[in-house]
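For reference, the structure I am asking about is given below.
Just so it is clear, A, B, C and D label the chains in written order, and each chain counts residues from 1 on its own.
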Amino acid sequence: MILIQQASLYSGNSALTIKLRTPVIIVNFKAYTESTGKRAVELAKKAEKASKETGVNVVVAPQFSDLSRVAEAVDIPVFAQHIDPIGPGAFTGQVQVDAVKAAGVVGTLINHSERQLKLADIDAIVRLTQAKELVSCVCTNNPAVSAAVAYLHPDIISIEPPELIGTGVAVSKAQPEAVTNTIQLVRKVNDHAVILCGAGISHGEDVSVALKLGTQGVLVASGIVKAKDPYTVLREFADSTKLT
Amino acid sequence: MILIQQASLYSGNSALTIKLRTPVIIVNFKAYTESTGKRAVELAKKAEKASKETGVNVVVAPQFSDLSRVAEAVDIPVFAQHIDPIGPGAFTGQVQVDAVKAAGVVGTLINHSERQLKLADIDAIVRLTQAKELVSCVCTNNPAVSAAVAYLHPDIISIEPPELIGTGVAVSKAQPEAVTNTIQLVRKVNDHAVILCGAGISHGEDVSVALKLGTQGVLVASGIVKAKDPYTVLREFADSTKLT
Amino acid sequence: MILIQQASLYSGNSALTIKLRTPVIIVNFKAYTESTGKRAVELAKKAEKASKETGVNVVVAPQFSDLSRVAEAVDIPVFAQHIDPIGPGAFTGQVQVDAVKAAGVVGTLINHSERQLKLADIDAIVRLTQAKELVSCVCTNNPAVSAAVAYLHPDIISIEPPELIGTGVAVSKAQPEAVTNTIQLVRKVNDHAVILCGAGISHGEDVSVALKLGTQGVLVASGIVKAKDPYTVLREFADSTKLT
Amino acid sequence: MILIQQASLYSGNSALTIKLRTPVIIVNFKAYTESTGKRAVELAKKAEKASKETGVNVVVAPQFSDLSRVAEAVDIPVFAQHIDPIGPGAFTGQVQVDAVKAAGVVGTLINHSERQLKLADIDAIVRLTQAKELVSCVCTNNPAVSAAVAYLHPDIISIEPPELIGTGVAVSKAQPEAVTNTIQLVRKVNDHAVILCGAGISHGEDVSVALKLGTQGVLVASGIVKAKDPYTVLREFADSTKLT
């Protein structure tokens, strides 16, 4: 069952909304060899195939220098893995929002545990994405931090216990209470943010359990990127979103 | 007069060399609106035109997400503005060397004053560029730091007094002794590094003075990117390298 | 009128509480010459005098290396200006909680705009202070960030718009809505945190206005430290807390 | 055999010199429980005892908030573990040079592998210590970085391969070539810097081997701080400096 959710952007006097179909599977390409350069495009096409066949919303988040080629090659949403809290100007070696937007991205991860940010910068980046009509996905490490982030009104909050990232031990099965506590705390102050969980998601069952716990999708990386057959695993993930 | 210099890469038992023609003009695109997205490609084409007409080596350094489109569009060398001291792996929101290389870059700026790095990371990144056969250009803020960097054996050292960056007051005219002291100190320990200067370079005369002081080129940004007619200014810069 | 408030520490199954008398004036000594070394002790004694004469709770926050001498010299509460999110161990050049506690501090500033922290570190430090029975005072830059921090359950939240710090233009008069919005948002989720405001507080009236807006005190620095006669200004601040 | 070395400070037209007796043993207290608060004072007294009995120069580097109490309690040199590249002013939670100097320190570690710094900041801090007549000890992670640092003219350069820190496997025995290469490269450009090595130093023999390799002392931490009987081990270290 595919839900359509209006993730209304928090933007003062504006009525701006972004349609973010849920359930959603975001595939963080990280900096793996398997998801770099041409292989980023190939992987994105597999994600597109799984998405089109199942109707499930699959988002890909390649490295900065792969963004434009991936965005040109596929029709599914492309996210950046990070942006800096800056507009255009005299900045060197930074990730500027207009540049990634020009490359075709429609959203960005923010504060991933491998790219943690100062609180004031998370706030600034979320507001920057709102001004630029990009989808914001803030990663958090525990329920209290998730609740804190809820007040900054990102479109998506993804809880990822750092100790489980890359382990193959799924958050939805190993720490279900981290997920349910996150949902409970976030919903007290924010009824529109899409809530995801990530870390260790490796099997279709990890995905269906995540949705049963109340999330609207998952954030995955090595479980797909490092899989022998990423398409098959992703297809399994997508199918599993329909079992809840 | 165009010199051909063999910038031999410092790499222990290897005989690896990179041909870096000097004089060289490196154009740092920074994160300006005038050098973002399609305008990055247009600007790179103007740089290519000035380079081909004059025979002077012009390098462009666009933002990460513009790298592949620029590298596809032009034949002149393309640099990244920064890379992180990592190889492929579980890194999010980082600039991984294989990814920028897959995008078509042949070198990278390192430690620009707007993206300063830890000493150990500069060392690690220079060695990474050597292993990956990329040209390394380490930026420094004064002669002592330039001399320190000389011992890390990058291909290019560019002295840029931070207080002059973006001012239009050229380092070659305002602080000639910073340039000559850099050359003197660097050459004591390193006879192969290409030495550039940057900050405030706005006029052809700034370039010719820089070369007369003993540099082998310049690192420029706003002087070109923010110019009303970047091609004409860049052409003037390139012509000025022949006046020394 | 001096209120006694039980700032109950958020600590799961514990009944731990700390008595933090309000109104409270926290004097951040920063790294000024006027508040370094012996002058830190002298300034702290003036703060103690003003506190004892007026009965108003005055807290001092000297530099790390002045903490023990100040704590030995005065009876008023001494805070650190920052601690790192670490326990004892193999850390060099860090501010470890047990060390500052051994020096006599009873609390710490966290995330001051001149020492901003990653969100996950703010969370970790607040929990560290709870475990070590120290008072936590998290600084924030706007109402949304204040609300986010409220969910991390520090003992004190102090809103300080960075653009006003050190200007002599008081937040309570220049941006009263930043203060009242902070109070309104924080109170939705957290009814026990002491709420302060800071930035530009220079006159007694700035203090009384801050309390009228609903805060329980102020965080001050240059207004006291750089004053010709810090005692007199601090006495004026303390007296002004009684005018609301 | 105790050598007296004039570690002349690099300071342009000045004749400023600091007497740093070698061989020298610097004990980095880190943030261990065994070297925090009162135990920092007790440990420093043991170091003083070993120093006085043997005539060997022993330096202690406690945590910031222990500096003044340690400096008051002992006559041996006290170093900070880090300082920030700032003078007095509006800085919060920073380690300002005048403050640690007021606490009684005569020098500082810089760029320890657990507190790595940007290259420009290392340069700025070394010059700050020169202006304030403090001894600078810059830590490095390999010979090339040591040579780079030599050009910044600190008083002491200490090579510490990070992978050996805290292991009990001594750098002087496991990586003697890292030590001898450091000495060879540094001496090409700098004939006055005291050269130390550190990481894994646990036995007197580790110390005597270090000196035989050509260093003028060692930088130690857990080998002393975590020892069951720090005095005895330190006494052994000091005696071993005489065996070369």
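One rule holds in what follows: a contact is a pair of C-beta atoms (placed from the backbone, for glycine too) under 8 Å apart; a residue touches a chain by one contact, two chains touch by 3 or more.
What you see is a predicted model, and the numbers here were worked out from it, not measured in a lab.
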Farthest chain from chain C, going by the mean of C-alpha atoms per chain?
B
Same-site or different-site touching of chain B by its copy chain D, using the half cut
same
Distance-wise, how many Å sit between the C-alpha centres of chain A and chain D, to the nearest whole number?
46
Centroid spacing, where centroids are CA-atom means, of chain C and chain D in whole angstrom:
35
Touching two or more other chains in chain A are residues 113
Based on which chains are in contact, what kind of graph results: line, ring, star, complete or other?
ring
Touching pairs of chains in this structure are A-B, A-C, B-D, C-D
Chain B residues touching chain D in their complex are 111, 113, 116-123, 140-142, 144-145, 147-153, 185, 188-189
Which residues, counting only chain D, touch chain C once they are in their complex?
28, 30-33, 36-38, 63-69, 80-82, 86, 88-96, 98-100, 102-103, 105, 109, 112-115, 165-166, 221-222
